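Here come two complexes built around subunit A, the first alongside subunit B, the second alongside subunit C.
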Partner chain A sequence: MEANIHFPDPSKVREELIQKYPTKVAKKRSKSIIVNDPDLIPEVQANVRTVPGIITQRGCSYAGCKGVVLGPTRDIVNIVHGPIGCSFYAWLTRRNQTRPETLEDANYIPYCFSTDMQEENVVFGGEKKLKVAIQEAYDLFHPKSIAIFSTCPVGLIGDDVHAASKEMREKFGDCNVFGFSCEGYRGVSQSAGHHIANNGVFKHMVGRNNTPNEGKFKINLLGEYNIGGDAFEIERIFEKVGLTLISSFSGNSTVGQIENAHIADLNVILCHRSINYMGDMMETKYGIPWMKVNFVGADSSAKSLRKIAEYFGDEELKARVEEVIAEEMPRVKAIIEEILPRTTGKTAMLFVGGSRAHHYQDLFTELGMTTVAAGYEFAHRDDYEGRDVLPKIKVDADSKNIEELKVVPDPELYNPRKTEAELAELKEKGLEINGYSGMMKQMTKKSLVVDDLSHYESEKLIEIYKPDIFCAGIKEKYVVQKMGVPLKQLHSYDYGGPYTGFVGATNFYKDIDRMVNNPVWKLIKAPWEKAGNGKSGGIEASYVTQ
Partner chain B sequence: MKHAKTATQNACKLCNPLGACLAFRGIENCVPFLHGSQGCATYIRRYLISHYKEPIDIASSNFHEESAVFGGSHNLQVGLKNVTEQYKPDVIGIATTCLTETIGDDVPLILRDYKKAHKNGSPMPIMIHASTPSYQGSHIDGFHAAVRATVKTLAEKGEEQNLINLFPNMVSPADLRYLKEIFREFEVPCMMLPDYSQTMDGGPWGEYHRIPPGGTPASAIVNAGSARASIEFGSTLEASKSAAGYLQEEFDVPRYQLSLPIGIKESDKFFSLLETLTGKKRAEKYEDERRRLIDAYADGHKYIFEKKVILYGEEDLVVAMTAFLSEIGMTPVLCASGGKSGLLKKRIMELVPNMEELGIKVREGVDFVDIEDEAKVLQPDFLIGNSKGYTMSRKNNIPMLRLGFPIHDRFGGQRMHHLGYRGTQELFDRIVNTVIEERQNASSIGYTYM
Partner chain C sequence: MLLRHTSTEVKEREGLTINPAKTCQPIGAMYAALGIHGCLPHSHGSQGCCSYHRSTLTRHYKEPVMAATSSFTEGASVFGGQANLLAAIETIFAVYDPDIIAVHSTCLSETIGDDLQQITRKANDDGKIPEGKHVIFASTPSFIGSHVTGYANMVAGMADQFTVSTGEKKNQINIIAGWMEPSDMREIKRISQELGVKIVLFPDTSDVLDAPMTGKHEFYPKGGTTVEELKSTGDSLSSLALGCISAEPAAIALEKKCKVPFETLDIPIGLSATDRFIMALSKAGSVTVPDTITADRGRLVDVMADMEQYLYGKKVALFGDPDQLIPLTEFLLDLNMKPVHIVSGTPGQRFEKRMHQILETRAPGTNFKNGIGADMFLLHQWMKNEPVDLLIGNTYGKYMARDEDVPFIRFGFPILDRIGHSYFPSVGYSGGLRLLEKILTAILDRQDRDALEEKFELVM
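Entry: the complex of A and B
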């Protein structure tokens, strides 16, 4: 497919993106705008602060902690300690779905709890109000768990959410109450909140329930948040294949499942960025290896299933996996073959998330489309370059502020699922255990990688490449579409999904076909059409660093 | 089930800085700027965008640990410089957040320092500062705080001129367009603030824009101090918190406060006031609109008479809607708001003096759990309010008509028209159709003729 695309010279594009910046900024940004070489992966500056006054798409620590990681578990009452906005803005906005087993089963996802902090709480402290709020939630629902999330003012006024949680937990006896110091100003982006959430879930939830499970192939699904029903499709496939899903972090999950997660024999990780800490910590404490998989894309799903079967090394499972793939693929093939002539040769750009910009490239490949540029919003270097760079990543002040849990093997529960020899053998077979080789290895040589893409850069890239589709989020959607380029939301999927697994892949093919071949775009004259052939119109960049 | 509540569940209000960002978006070539963590800007952007389906850039001072501890002066100054260089705005509208209000950053002082340090640089945009701590009030307070701060920063005294200020409250771009049309018809210059009729509901871009076109120019706001009068919509809006209140106190510009003109009576008051202030008769087309609306009331009354409604939203919207519903023979059995001005009941009583006899109940400072508890007792025929009532509507099988902000589960929230005779007409048609649709769905026969 690649041969059909006439790439602009990526080094020139890079130069053009940087040239309008003042020297200092150009220097800074040039480290985050990289021409890819999958064979000799260059360094990408990532997870560094956004400069004030530059419009970023990044969110805050609270968003990563409550919104992303804890939000999808249905039977935790999540109380946001702070003024009303933070809780309101995270109220069902991520389109996480959940499926309680019975009508009576708890589901608090539709609720938005807040201490609705008022001025007097800021002045005199809000702990008292928080404890009353916890008591109210307990009296009302008798939930298994209550989680408290600190918003910006909380840390500053000295409210101790951990002490308050502990006090209430001890008071109730039958309700696990725990707090998160995920004030919005912590860290560089929502990524800090993911780490804080991983720590809290690991400390307060995992390992509390030792109920055994008779399943033969027990796995946890990490970093899957059931947006648009993604988890349901993966669950369907797992069940069909004969894998026992012990818990999911955290799409369609329950407290009980997460507390039982340590009995699984394998952790598979989808979103590396948001949950890799959990994989590492569970490996150290319980001896459960983790493996990076991708269920976005039909071929990727098949590949991931084969990897899981290979890990367990069971011939019956391997055979069953092949049967399932053979059953699922004809429907996928029928649909993609019909769509391919309309999508082949088109181009896409993905600037989203901490893993989606990588995963969704597989779907575009299946559509015959080329990803000309991609980047993450809040990822770290390892998500770009692979985990081999981890020892080389400099720990800065922002990362230092996030607690690194000291994890040691559990004296009773540590049980290495694979011996060193077995792990070596799996590696021999090409299975990457406890590793991730990142996005860039998979991207073509001429593609462009940009971290924390700025507003100016996105307009410039669109102008230069004129992509057929741009993938990002709602904040970018309407500005990109004003230039006549369709934008697919990959945070919330617009109103669509699921996009995982075999069914999800076909949903995505159809959605992209409808978007890139829609007649409405012909009615919109893009700015560069007016400005002249590919020449810049009026957007120029200039900004200052800290 | 009654809950004695301290905490808020399913809030019926948003936070203070959101309103300020929207209001600043109604000033020409203005960039809203939130002094606080970047998450506030991101959340508020995504929320406004989900309703208006338009891009909105909100800058931020991107607080980090040390700025939270040592103050955000440095970050604010870097941010202002970057916004200035990149957007070349005429105005930067700076709103604070709970974080910066809690640490007590002195924004006016920082702005003075900034101006001093950069006086020889590129042209300095006008800086407007609104104090909008999220732990006070709700989004509507932030909206009014930003409008008042804008006028306070810009308005100057001058010789009285043939100009009327209009402060329309948080209404839709469609409403704003209609209001501008009315003033054009009356041939009287109007300084409407804010005016996001174009910035929050514009066309595709045939050329690049750093900031979308539209909005009230700063140069026009300067004249607000010499206008003949200010008209301000919003019956619970107190003079001490409003732009018109400031202009009256500072420049003796008379303040005329009206309820949002929804329905015949309140629209009449608005048009009569315009006639009085301008000495001109309204254009014939408005008489036509009024006649058609009354005719529609008569035609539609058979469907809606005595229907019971639960209304919720910003207080001023709730007051105006209560007056309108009473006018068409519907009963708002509960008028609810997450806002807490202390004036909601009083203002409704003024417009609907027999409210108690009609069975109208009023509650301020409520959330959706409170409203749902009331709904179980009051058994309304339908709900009128923003999208956040949907869960309650679905759970209790009560139909719902979407109105206000936010509307993110229906298309075209920004184009919903409510004000004046024509807006009321659209609203009335939607109400009638909601009832008809419900009856049709409930019918076992499946009438196609209702």
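Entry: the complex of A and C
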């Protein structure tokens, strides 16, 4: 696919991006800045250490573990073991919406729990204080579960959060206490924390509740965190087509649902990066296949529903899916058709997360816009190049110290939902089971792929490409807007959303239309500046133009 | 109910902090460093801290917040972060070309015992700091103190590492800004100019964190105290430290190093604290107070008198940082209101002492607590036991305010859901007027909302 957008010579751009770096840094960064070719899929250096001082978008393992994966489950008391800050910053800032069924149901999401480690705890150890904290949380709230998250100092001073958790779990008997060694220095980004979280949830939660469910087409929704109500929209659609949602990892979820997840017959994965481990482990232990889907974008949602129906192979379900799509689409079409003339031909850049930079390209395509450059903040090569590349990825020192659980089929509960023959047949039909083909296949030739984009590179890219919209996170938001380019936050959605499903797609169309066509971008210059005694327009960054 | 698990019964907790009324040191250090012109803050630790601090400051200001990190991995955590910091310094000067890098530590680098003084010296010896450029540092472990302590440590670092005394006195006064908003710093400068006193204000985040939209991203915005100004503070006649927790340590450092005498004042929030500030600054600068300032003061007192009926006896709960809470409490008392519950997560006996002094005769029986155990969970429990008419605090207060159906004024750090704090000052007489307007609006809106139809008033 070749876009009808004029691309600046990408290899020149590449050179320009690294020109200012010290030699060693330039060499390193050049391997993460790649000119795309969807047919060949070149190698992208990803999931490697960030260059110190470069100004990265990335966060830490703790953020990936507590903030991303565990945070959205409402009835776990999440105690952060460490000094106060780590817990404070992760308090309500990720917009994981949740809807307890009744006023009596537990919801700890608005709370922030910390051991607020003090100097004496760092010097003499903090395990004792941790246990006191767990006891106090238990006495105050009597929660079903208490999870403990280690922050940087904890690993170094040698506190054993697992032993402390075990001791308290055994003491209580009716409260599942478990810990995570998700110190921020583990791995190279949030990604390590996802893996650690997957391991912990798999070990300590999944499989504890065997209550059967009589519903039809039982599925789990993996890698959907209900930011801005995304999961609510997907739940609405699932209910409409007649799918039974057993659990969600982890938007709008409860402990009980996750403990019951192994009774589902299919895992659908939205964010591959943060939860693929869970898909693989549940497949091995319980025989549940997983399938990559995408509910970002109206067409993608329709496609994903069809894939799910195909998987179950039920004619009634397939018919119902078609009915629902036929019902939902006219509203979507009416809205996009009105907006399209204003967005067609515009360009976008997406540098965010571990899956969103891929998924949201579908929405831009629906808006008639071209993605000229994209990259992830903390993804791995398979998220760029597709899972075929997995055997080729070398495990480096930073990944090696993240535990790989040894999973074997459960002697009682293992039950392959599909036979080998059935799986082969599905594959024949184009259904990718346990697979993901990554971002690059979908991007145009000559577009730019940059992993772990630095601040400097982002300003350069904007200066060179002058995109109509830039998608990233809060740290980039106002920087880019200062340059006169609207920035759409794809972590927090600028406090809007949902953006999933059919309703979400139309929300996004409207938001992007509003942003790229907002009159404010034309009001930046004062009349006297426009009259000639001011500086020229266009995009500028102070040190870029020096 | 959002905070549905908060019980009425107050129990002493020893291990668990719930809904903290403080955060960690480095974010304060980062904020302070942004108040030096041409400075790039640098977080020495894992990159998560830096990401969190930048995000929180960005949400509070809706402005770019630039800072770099040493990006520790496990290796650095075991073997020390020197190599990472040296590499970072090299990359930063090559790519971002700041005048100054202001390094602060994090819990991690403190726990492993990295010595910032030694590493920055080594950077210098290795020629990694270009001619005319600077690297300063502050030790900011979060297992001690709070974000306020981190701010104080970085400001003290500025004083300690930049100032020189040439032996020749300059006719200027140092004003060391406690943690306050860019708008407040701008107002302090305006007031000083109106008084006719030449000052050096540091740090100064005005024109940094309230930068105009121009179509250009200024990596180093126009504002901030310059290195020259900072150096000259050693020759100033005296220093006024605004805030005993967040500003005084820098004044002490200056006195020690350059023998500049100092006086510690409250941040001039409200009438009495502003009175003391004006008195002190006019004395330090040997000027008489112009009528314009007296008139500003008069306007504030005028509104206090005219609207006193709506304020009298109203119960207020407040939480936040000590240097703000002390003058704010005093202001509420001047307004004839009744502060009943006060909480600050920042530890230290200064707060306790000052609060005692202020409350002893005018509002004995007020609940106040700071440091360990003083969190918003406790405040909420107090509010359940003795309900209030008004809650004042940072954005996190909105959950309590909604559950308890109490009018709420956003004040302090962080404010994540409203704008205004960075543009409109709360210090000085006009700042006092702004606070008073907010208080009155909150109270009167509530009265309007709750009034029976026959009691609904047109004129108030």
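The rule we apply is simple: the second predicted complex is superposed on the first by the 518 of 546 C-alpha atoms of A that agree within 3 Å, B and C clash if a C-alpha of one lies under 4 Å from a C-alpha of the other, contacts with A are read in each partner's own complex, and residues count from 1 in each chain.
Quick note on the criterion: contacts are C-beta pairs under 8 Å (C-beta built on N, C-alpha and C of every residue); 3 or more make two chains touch, one makes a residue touch a chain.
Treat the numbers as computed from the prediction; the structure is a model and nothing was measured.
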| item | value |
| --- | --- |
| Combined model on subunit A where subunit B meets subunit C, clash or fit | clash |
| Which of subunit B and subunit C A:527 touches, first, second, both or neither | first |
| Partner chain in contact with A:83 - subunit B first, subunit C second, else both or neither | both |
| Which superposed partner A:242 touches (first subunit B, second subunit C, both, neither) | neither |
| Which superposed partner A:475 touches (first subunit B, second subunit C, both, neither) | both |
| Which superposed partner A:125 touches (first subunit B, second subunit C, both, neither) | neither |
| First (subunit B), second (subunit C), both or neither touched by A:368 | neither |
| First, second, both or neither for A:111, with subunit B first and subunit C second | both |
| Doubly contacted subunit A residues - partners subunit C and subunit B | 49-63, 79, 82-91, 93, 110-119, 121-122, 129, 132-133, 136-137, 140, 151-153, 155-157, 183-189, 397-398, 401, 455-456, 459, 473-475, 477-479, 481-484, 524-525, 537-539, 541-543 |
| List of subunit C residues in touch with subunit A within their complex | 1-5, 7, 11, 13-20, 22-27, 42, 45-49, 51-56, 58-59, 62-77, 84-85, 87-92, 94-97, 106-108, 110-112, 141-144, 146-147, 211, 213-220, 345, 372, 377, 396, 399, 416 |
| Touching residues (chain side subunit B, partner subunit A) in the complex | 3-11, 13-18, 33, 36-47, 49-50, 53-55, 57-68, 74-76, 78-83, 85-86, 97-99, 101-103, 133-136, 138, 204-208, 210, 388, 391 |
| Subunit C partner contacts - residues on subunit A that touch it in the complex | 20-22, 25, 49-63, 79, 82-93, 103, 106-108, 110-119, 121-122, 129-137, 139-141, 151-153, 155-157, 183-189, 397-398, 401, 454-456, 459, 473-475, 477-484, 524-525, 535, 537-543 |
| Subunit B partner contacts - residues on subunit A that touch it in the complex | 49-63, 79, 82-91, 93, 110-119, 121-122, 129, 132-133, 136-137, 140, 151-153, 155-157, 183-190, 397-398, 401, 455-456, 459, 473-479, 481-484, 524-525, 527, 530-531, 537-539, 541-546 |
